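In the two assemblies presented below, subunit A is common to both, partnered first by subunit B and then by subunit C.
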Partner chain A sequence: MDEISLEAAPVLGGASLELSGNRIVERDDLAIVSIATPLGGEDALTEALRNEWPLDVPEPTRSSLSGEVRAVRTAPDQMMLIFPHATPDAEAVVQERLGGTGYTTDQTDGWIVLEVAGPDTLSALERICPLDLPSFEIGGTGRTVMEHMGAMAVRTGEDAFLLLSASSSAASFLHAVETSYRYVT
Partner chain B sequence: MIINHPLLGPRDAAEFVVLGDACLIDRPDGMNAASEEMHDYAYVRDNPAGEHRELWYHEQGDRSWLVVTRSTLTHDVIKVELARDVARARGRSR
Partner chain C sequence: MTQAMRIDGGMVDRSRTLSFSWNGRWMTGYHGDTLASALLANGERLVGRSFKYHRPRGIFASGSEEPNALVQLREGAAQEPNTRATTIELFEGLNAASQNHRGPLAFDLMAANDLLSPFLSAGFYYKTFMWPKAFWERLYEPLIRASAGLGRLPMQPDPDVYDHGFLHCDLLVIGAGPTGLSAALAAARSGLRVILADEDFVPGGRLNAETHEVDEQSGADWAAAVTAELAASDNARLMTRTTVYGAFDHGIYGALERRTDHLADAGGKPRQVLWRIYTRRALLSAGATERSMAFGNNDRPGVMLAGAVRTYVNRFGVAPGRKVAVFTNNDDGLRTAEDLGEKGIEVAAVIDARKGDFVMDTIGRSGIRAVRLGDGRRVEADCLAVSGGWSPNVHLTCHHRGRPVWDADVVGFVPGGELPSGMSVAGAANGTMTLAAAIREGHGAAVGIAGDLGAERSPGTPAKAADESFAAAPFWQVAGLRKRAWVDLQNDVTTKDVRQSHQEGFRSVEHLKRYTTLGMATDQGRTANVLGLALMADAAGKSIEETGTTIFRPPYTPVAIGAFAGRARGKHFRPHRLTPSHKWAEENGADFVEAGMWLRAQWFKRPGEKGWRDSVDREASRVRKSVGICDVTTLGKIDIQGRDAAEFLNRVYANAFLKLPVGKVRYGLMLREDGICYDDGTTARLSESHFVMTTTTANAVLVFRNLEFARQCLWPDLDVHLISTTDGWAQFAVAGPKSRALLSKVVDDLDLSNDAFPFMACAECSVFGGTPARLFRISFSGELAYEIAVPARYGDSMMRALMKAGEEFDAVPYGTEALGVLRIEKGHVAGNEITGQTTARMLGLRGMVSRSKDAIGLKLSERDAMNEDDGMRLAGFRPVDRSVILTAGAHFLNPGDSADMAHDQGWMTSVAYSPELGMSVGLGFLKRGTDRIGETIRAYSPVRDQDVIVEVCSPHHVDPDGVRQRG
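== the complex of A and B ==
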């Protein structure tokens, strides 16, 4: 039998759009691993993150950054690590460094990440996002609904955001974001 | 309606799902309670005109359960607490 070799394809085919000086780029290089805090294990997890990366446990509505590794607070006892990682073993890599101080789940395939940036970003997003994005500090984050799709936003710069949404409705999400940019540019 | 989430600040009610009267937290022990007591827990609710405590679930947000005290007459949101804090304050372990 012939050898079968498969190559992973980006969910949105590596989408990359340029709209009047604004950019929408699919970040296919990022792995996403959620870390849940064991009951009563906050201190051990905080220490492990600080020793290994070093990363602070982000406060609610915030994310913390160490090099290219970002920890995003998603729930009272949960955060997500988002970082560039080429192989499909992100969860094992994170768990090994945590040494059992957190419950990890690989979420890479569940999400798509859009990197949006440019001067019209805030006015494009305010049309579809109920969060008060202009009031976010850099590193601020929130989870909400955009065009009926669950989504997360992380402010990475004055005019730049990471937008996360479900990979199962990725094309619709990209369409919503792109359409909103077209309305304002 | 805006719900002032204790961790996240003001959020639109569209992000939440309402689950009804907060008395659901006080479930009787099903192994010992009389059937009358279980019946009342499952089916009987007050319908107050005025202040009402309700469970809300932040489904399109941080997935936390909240106890929202609001007025059914004016829709004013008076107080918002994390449901787990409320349960712990009543001696529940988590």
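== the complex of A and C ==
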């Protein structure tokens, strides 16, 4: 079947909205790979991350950044690397650099990443996000539920966040975020 | 009418005149007015009718405690009944109408009830409407329903939008009167994150209604200055029009912010926002509410709380009357006379109960004209300002069942018992009834909290003010009362009702409340409760302390149901999860069904098909004859990795997993701790340390949570790691005899022959020239079948490509209904059978439950009761009359037995019309079912009025030997 090849499509078609000076953008250029720390393998993984990127293993509720590669702590013994990468081989690329020091799973297609920014961002997000986002330092992260959807927030700037939620409910998630901005602007 | 009662002064903006409509008449008021103050400015004394007796009623208070002035606000679908005129901010074009009357307000036909009042006393409805029985539902109930309630709902969907939100702070200050302002200022200066919430639209509380001085300026000016400082502070949030309505667990408070209620047009923004406030500490500074005293006809329009009279005069520049009499039992009431005098309003008399004077009766019809004193004197007055003392607003202190205690000095209940964790109380709410003391107490409370929380900046010093005299004496009802005297204006509870409640044995305060309805409805008895309790104590010959008090629960003031719903309405009631092929399915005639939050295609309608059965029969037939494609992305997928992953799986599945070879899939059954089955699925081994588990759609989250619990808490010594990949892979079942031929065109470089890739094989591979994929040879339909997964970003493209590649095989997409038909034909169990009440033995899966290892649920699955030989067993069922359509839920009975539980033999769990067999087939649980194949029994469904003879057979209606799926 050489005549057929598959095309990748962003979940929300590459959504990009401008709302009274605020932006909501679907970051479909980012890959996400989870890394689980093998039992007893903390040091080896820490070293591999430092040598290869270099990245620190983020503490709970924190992320670390190296260039455009961000490591976000997501669970006990688990972090996610979020980085620009277009092809569906992100997991293999990360695993190659880790050299078996961590268990990797490709999470790119499981999540929608919305980049939200603008002066009304905190006011908008307080309508749907139970986390205390104003108290987040830049780089701070948290997992929560917004409008019944599991979600993650990473503060990337004074009034900018990456919001992650399940890709299957991406349309509902975008609607929730967009509605919040519309209600406060 | 031109605001005939408007006087100088106040905080209204006279440069901004607003027009509003009251009962169809246009009037004017000013920006800064409430509807109540504007109505009074226009001389409107009669504003409503009472609940039971339809007595004329006027504005009684000036805040959310108002019992009388309930109005129907706005028009059309946006109408809201029972809104308090005293809390409605006036806006241009406001439209309000009085309620609870038939005919014009001034000539209410229902006023006849007042003449019948001797028959309508407390509990009358418990003693009447008893016979004849036939009248209960046909006459009495409609009659009572028509009379009950106050306003009228518009009976149309609410056109407004509402929202929710979440806030966090160190200190929540509830009430922005002098105490709250003083506390919030100190806390903000200390560096705490403070939220100051107040239900009014102007902060200041009583400071705006009195003539006190604070820090050598008027109280109102001081309040404005503090408000400005808080507004400029980075760490303070001032929320006006916001009622903190409830104290919940763990420092969470509920608050309702009225965002656009004061605007003629909300501009599409939420009308109200329901906030969940997370706070480390809370300070209740909600002030106090004035109450009345019991004297004859004390409910007439013109009888008003003295504090409210001062509010209208001082804050709104409105005279509630031209000649005002004052009746008080405390010094606070006396200040009313002074303030009225200052404004040039005639004070007809000051009647001080502490001197033995009292009002015996009022005279007038739709408003008072005069009062009759205890000594017989008649005093002409069109307004009577009454102060029976102040009751601290302790409501939120009761929300965790704290019980207020009587304070004889305050002559009221003050906070008592256990307060909600982290809450403290200051000011009048705490029984600190004078200004300077309240300001100091608020400040001190904030300083203490700031110290506890480690704040380091200076809180400053408390504002200076004088303490006014506060000498209250208990005085509840006048002696020798001959006329009716009201205790609870909103529920038409009179002193006689309270006495009657006592006489009839309803003596506990809780019984008093239920029997008389004292303290119910929108005002929750804010102006009535203490008076009612005092009268009950009097009737019982006990002290108020001994009599006790009812307590309060949320909400403090009414909250619209729409606000609780927030955005969750219509199609946004819950989020939707869409499969990767959703768009393709929409384009191809799919009919969707909600499965949890998922929208799944249940069938694909083709031209000429008249009903769903046509579509489903066609899809199921095509799968059996050729090949079908079904999006099964919704099944839970869990990535399991680690050195001990195989051991972990061996402990969570009832069957063995330790030795599952790489490249193989195994069907697994999970038990709960109690040995009952709760989920099934397949798990594939991709490498020594890497497995992919699938779960049922419904249990994906539950299984993940249970596995995570097992990993973290039961066996932290195992090296095993979990992450959900449900949404990450678009997965399609490709089923039917032509599935191998179809996939051979799709999959790159993988030998799909039965030898190379047999039943229950799996592989990581690629499709269509390089797209990564996973292939599993598993079958839910019983046919030769596969599931193929690609990263979800390719899902839409993959569905289109599969259909294109399948054209030569006449491939069909099939939905969940055909999926169900195929699995019922095959006898595969699903949610209808794995109900959380069934065992492996019942399901015919006893052989899967290993006896050579330990796993969750194994021990308890060995209990005798779960292993009885005559227990329920899964079996198949077919109608003897092949034309009959079976119904799920039918119960089995032996022929000749009566249809009752004693003779129940089991029940039908799943049925489907089998196009393969040309008849309706079923699965079900039957006592000793596996031993009864060939018997005929009754399938009896009284719900559907069906009683049919069915033949017991193997549950595997199609291909019982499994030849097809292994082919």
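Basically, the second predicted complex is superposed on the first by the 183 of 185 C-alpha atoms of A that agree within 3 Å, B and C clash if a C-alpha of one lies under 4 Å from a C-alpha of the other, contacts with A are read in each partner's own complex, and residues count from 1 in each chain.
Keep this in mind: contacts are C-beta pairs under 8 Å (C-beta built on N, C-alpha and C of every residue); 3 or more make two chains touch, one makes a residue touch a chain.
Remember, it's a predicted structure, so these values are computed and weren't measured experimentally.
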Considering only touches as defined above, state whether A:T61 meets subunit B (first), subunit C (second), both or neither. first
Give one of first, second, both or neither to describe whether A:A166 is in contact with subunit B, with subunit C, with both, or with none. second
Touching A:A9, do we find subunit B (first), subunit C (second), both, or neither? second
Looking at the overlay, what does A:L19 touch: subunit B (first), subunit C (second), both, or neither? neither
Quick one: classify A:G142 as touching subunit B (first), subunit C (second), both or neither. first
With the two complexes superposed on chain A, say which partner A:Q107 touches: subunit B (first), subunit C (second), both, or neither. second
What's your read, subunit B or subunit C touching more residues of subunit A? C
Overlap of subunit B and subunit C contacts on subunit A, residues 39, 76, 130
Show me the residue ranges of subunit C that touch subunit A in the complex, using the header's touch definition. 161, 163-168, 268-270, 273, 276, 278, 567, 572, 574-579, 597-598, 633, 639, 641-644, 689-690, 712, 717-719, 721, 723-729, 745-746, 767-772, 790-794, 796-798, 801, 804-805
Which part of subunit A faces subunit B closely enough to touch in the complex? 39, 60-61, 74-76, 130, 142-145, 150
Subunit A residues touching subunit C in their complex are 1-2, 4-11, 34, 36, 38-40, 76-78, 88-89, 103, 105-111, 126-132, 134-135, 147-149, 166-169, 171-173, 175-176, 179, 182-183
Subunit A partner contacts - residues on subunit B that touch it in the complex: 7-9, 11-12, 14-15, 60-64, 82, 84, 94
